[in-house]
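Chains here go by letter, A, B, C and D, matching the order in which they are written, and residues are numbered from 1 within each.
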Amino acid sequence: MGLDKTGIAKRIAQELKDGWYVNLGIGIPTLVANFIPEGIEVEFQSENGILGMGPFPFEGEEDADLINAGKQTVTLNKGAVIFDSATSFAMIRGQHVQLTVLGAMEVAQNGDIANWKIPGRMVKGMGGAMDLVASAQNIIVAMMHTNKKGESKLLKQCSLPLTGVGCVTRVVTNLAVLEIKGGKFHLIERAPGVSVDEIIAATEGEMIVPSEVPEMTI
Amino acid sequence: MNKVVNNVEEALEGIQDSMTLMLGGFGLCGIPENSIAQLVKLGIKDLTCISNNAGVDDFGLGLLLQKKQIRKMISSYVGENDEFERQMLSGELEVDLIPQGSLAERCRAGGAGIPAFYTPAGYGTEVAEGKEIKDFNGKPHILESALTADFAFVKAWKGDTEGNLIFKATARNFNPMMAMAGKITVAEVEELVPAGELDPNFVHTPGIFVQRIFQGERYEKRIEQRTVRQKS
Amino acid sequence: MNKVVNNVEEALEGIQDSMTLMLGGFGLCGIPENSIAQLVKLGIKDLTCISNNAGVDDFGLGLLLQKKQIRKMISSYVGENDEFERQMLSGELEVDLIPQGSLAERCRAGGAGIPAFYTPAGYGTEVAEGKEIKDFNGKPHILESALTADFAFVKAWKGDTEGNLIFKATARNFNPMMAMAGKITVAEVEELVPAGELDPNFVHTPGIFVQRIFQGERYEKRIEQRTVRQKS
Amino acid sequence: MGLDKTGIAKRIAQELKDGWYVNLGIGIPTLVANFIPEGIEVEFQSENGILGMGPFPFEGEEDADLINAGKQTVTLNKGAVIFDSATSFAMIRGQHVQLTVLGAMEVAQNGDIANWKIPGRMVKGMGGAMDLVASAQNIIVAMMHTNKKGESKLLKQCSLPLTGVGCVTRVVTNLAVLEIKGGKFHLIERAPGVSVDEIIAATEGEMIVPSEVPEMTI
């Protein structure tokens, strides 16, 4: 129902602004790089030490010494720069990166996010996610609106251990675009073919629904 | 100030059970392959290892995990490793997970004589438990302490006899900070050059942070996620 | 991400009276000569200037002091400047003296989102007055806060259109940290090159820290202490 | 009486140990670099960003971009390296520099040092001195035993504003070498031709004097 992962990435790409430095998390966020709007220049930061990350290398040109934060082989764009991990997080913590896009298991109506740990399951670690969400001014979460059991991932309150508090500014799901402010979700747009009622049914947290909810243009 | 040792055996002289080690690298990129191999060979155990990741089952720190040489891992992300998961869930292995930026900064702080600093990362999460909280500009921050190690193992692209190091591309990652934070820092390099060959303007790690340096015998440089595109 | 402005006038657009500025340089080495000249020309006043030194009477920040544009200096060492001494002793000029290492680290912290950190420097001296004290490993440390600025002016050897910078020799000094800590960082360079000309492995200041860049028209590079030896 | 400035520098040079990184302050300390004992390798750190600082340049080869912390034109030795001020003080604060030699106006028997400020006089600033004395393991003060008025500079307690507390480990003056431990000066050596009584007369602080005080060999 609604958008697929690529659709979510395309919609998030519309949020990019000219001149922004952007950090894309693993999964759906990574796809955003493929849909930068015409006439806009953004640069991608990879927290293992790249600014100006380029596309995957051509076959046979992979360099084991040049990977992104997802451990994938990548390339550098013209004007790119390499730095160490302390400098990388100085950029992030110092709010020099204008936008962070990342996935989540749960988002609460106050902007809390949970995306690193499920009690009783193997914990892989938070990586750079806690630094990113604690620091960025704009944090967009890219995720499916509901989990595999059909339960809402947009909640009154997160049930899982938190990654960050009150930090998420927008959520783009397969069903909708939502803004978070004043402790509530605000429905901004609905995915093509998805009704407001379907979004309401899939959202556990409090959500302000305007009388007119435009459909996304992807 | 000649820091050159003849081989990896000399480089690890004095290392003992129960020590705290730092190991550079991000994933399998820029890890001290030769030093890790020697740690396995020496069989020292009860180690506390500070490293952003824990390798994969059959490479990197995974090799030490297979031999049960590690008692505690301090890392930001430890996926991609079945043996790690088994030891962690069984309680054989203690794990301290730290936000990646805090890990990098805590290593730098350890090397820079800064015993603690405030960061917003982890506030409101279990990472903040038991830590001092203080507001700055209306935003809560947590006090994080410095990390140091008995031995730090770093891997560079080139190094000179004075211990000055340069790294290649993203193989830099945690190596420069960990070099600062080791009581004894061992640098292994792909190419060891005489003093004076590196441009003084473009050294990443000044030799003052390095106590021992050697040219590694062999670098496998395994790729974890080989992603490519086709020429159109 | 093109950061190039056409000239020093454009580079300083938006600067106003009473702002806090950072200026790179150590003594007269690596100072933003063109930006300082423009500050004098604009005649803005009541400035708070964060700079390791205060120039000499007729060069560097001394030029702003002559025109009484500075209300407060935050520095580690302000010798070699008669007009500075006169204004300081008469009370016209407020002066905040900070240990050099704390100054450097406070600028870095400002750029790195670290609001405060502990250092041993200045404990037991007047520098510690009114600051929090905490023992680490049995040694007292003082809590120092981050510094930021409305504008940071730095001077590099080469820079590219993306704002990436490299510095020459000891003209590096405070420039990289101040570049990090400016809300608007203006970089003036001796040579401006197209993106892609600088080796990504050997950039000192990543362009993300720089908002505006231009090639300076003229560099006098005055030497404060010309010390030489004779060829034997 | 006793040693001249060069003599003090020569005596301090005997304290250097092979493999040490050393920071020399302005004045007498700078002269120490000229008297490195044979067979010993040390490297000089200049806190404005040099490790491996070399001698002054030949006439005509001065580079305005290459100065030391005293703002003098210098050169680089083979294997030297340049870094920024934050990294420089990371080395100092992190105790990677084994020895600091600096001048002082007063030293107290507990190791306190005053060398940056005289109330009522123009204050030039502490520069890097407070970082250096708060951090270094070995701090040798190089100074004249008495001031221009003939008053002792080795005191029970400093009268001037402090630069650092309990940090000085050795003092080398024109008259003597003294160690500081247990809250007292300990007379180690006397300058050639200087009597123990002369040193006692010139020292206000408590000083332990052994029965036999060897004469320096310069």
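Before moving on, here are some points about what is shown:
Keep in mind that, in the parts below, a contact is a pair of C-beta atoms (placed from the backbone, for glycine too) under 8 Å apart; a residue touches a chain by one contact, two chains touch by 3 or more.
Note that the structure is a prediction, hence the values are computed from the model and not measured.
Listed by label, the chains touching chain A and chain B alike are C.
Interface comparison, B-D versus C-D: the pair with the greater number of contacting C-beta pairs is C-D. A straight line joining the Cα centres of chain A and chain D is 56 Å long.
Chain B and chain D have CA centres that are 36 Å apart. Look at where the CA atoms of chain B average out and do the same for chain C: the two points lie 33 Å apart.
Distance between chain C and chain D, defined via averaged C-alpha coordinates, is recorded as 28 Å.
For chain B, the set of residues that touch two or more other chains comprises 105, 108, 112-114, 119-120, 168-169, 200-201.
With touch defined as above, residues shared between interfaces to two or more other chains in chain D number as follows: 76, 82-83, 89, 92-93, 135. If you check each pair of chains against the touch rule, the ones that pass are A-B, A-C, B-C, B-D, C-D. Interface residues of chain D facing chain C in the complex, by the touch rule stated above, are 46-50, 55-74, 76, 82-86, 88-89, 92-93, 112, 122-131, 134-135, 161-166.
Across the complex, chain C meets chain D through its residues 26-30, 52, 75-79, 85, 88-89, 95, 97, 99-105, 107-108, 119-127, 157, 168-177, 204, 221-231.
Every residue of chain C that touches chain A in the complex is listed here, in rising order: 1-2, 108, 110-114, 160-162, 164, 180, 195-196, 198, 200-201, 203, 206-209.
Against chain B, the residues of chain C that register as touching in their complex are 105, 109, 112-120, 134, 136-137, 141, 145, 166-169, 200-202. For chain D in complex with chain B, the touching residues are 19, 21, 41-43, 45, 51-52, 76, 78-83, 87, 89-97, 135.
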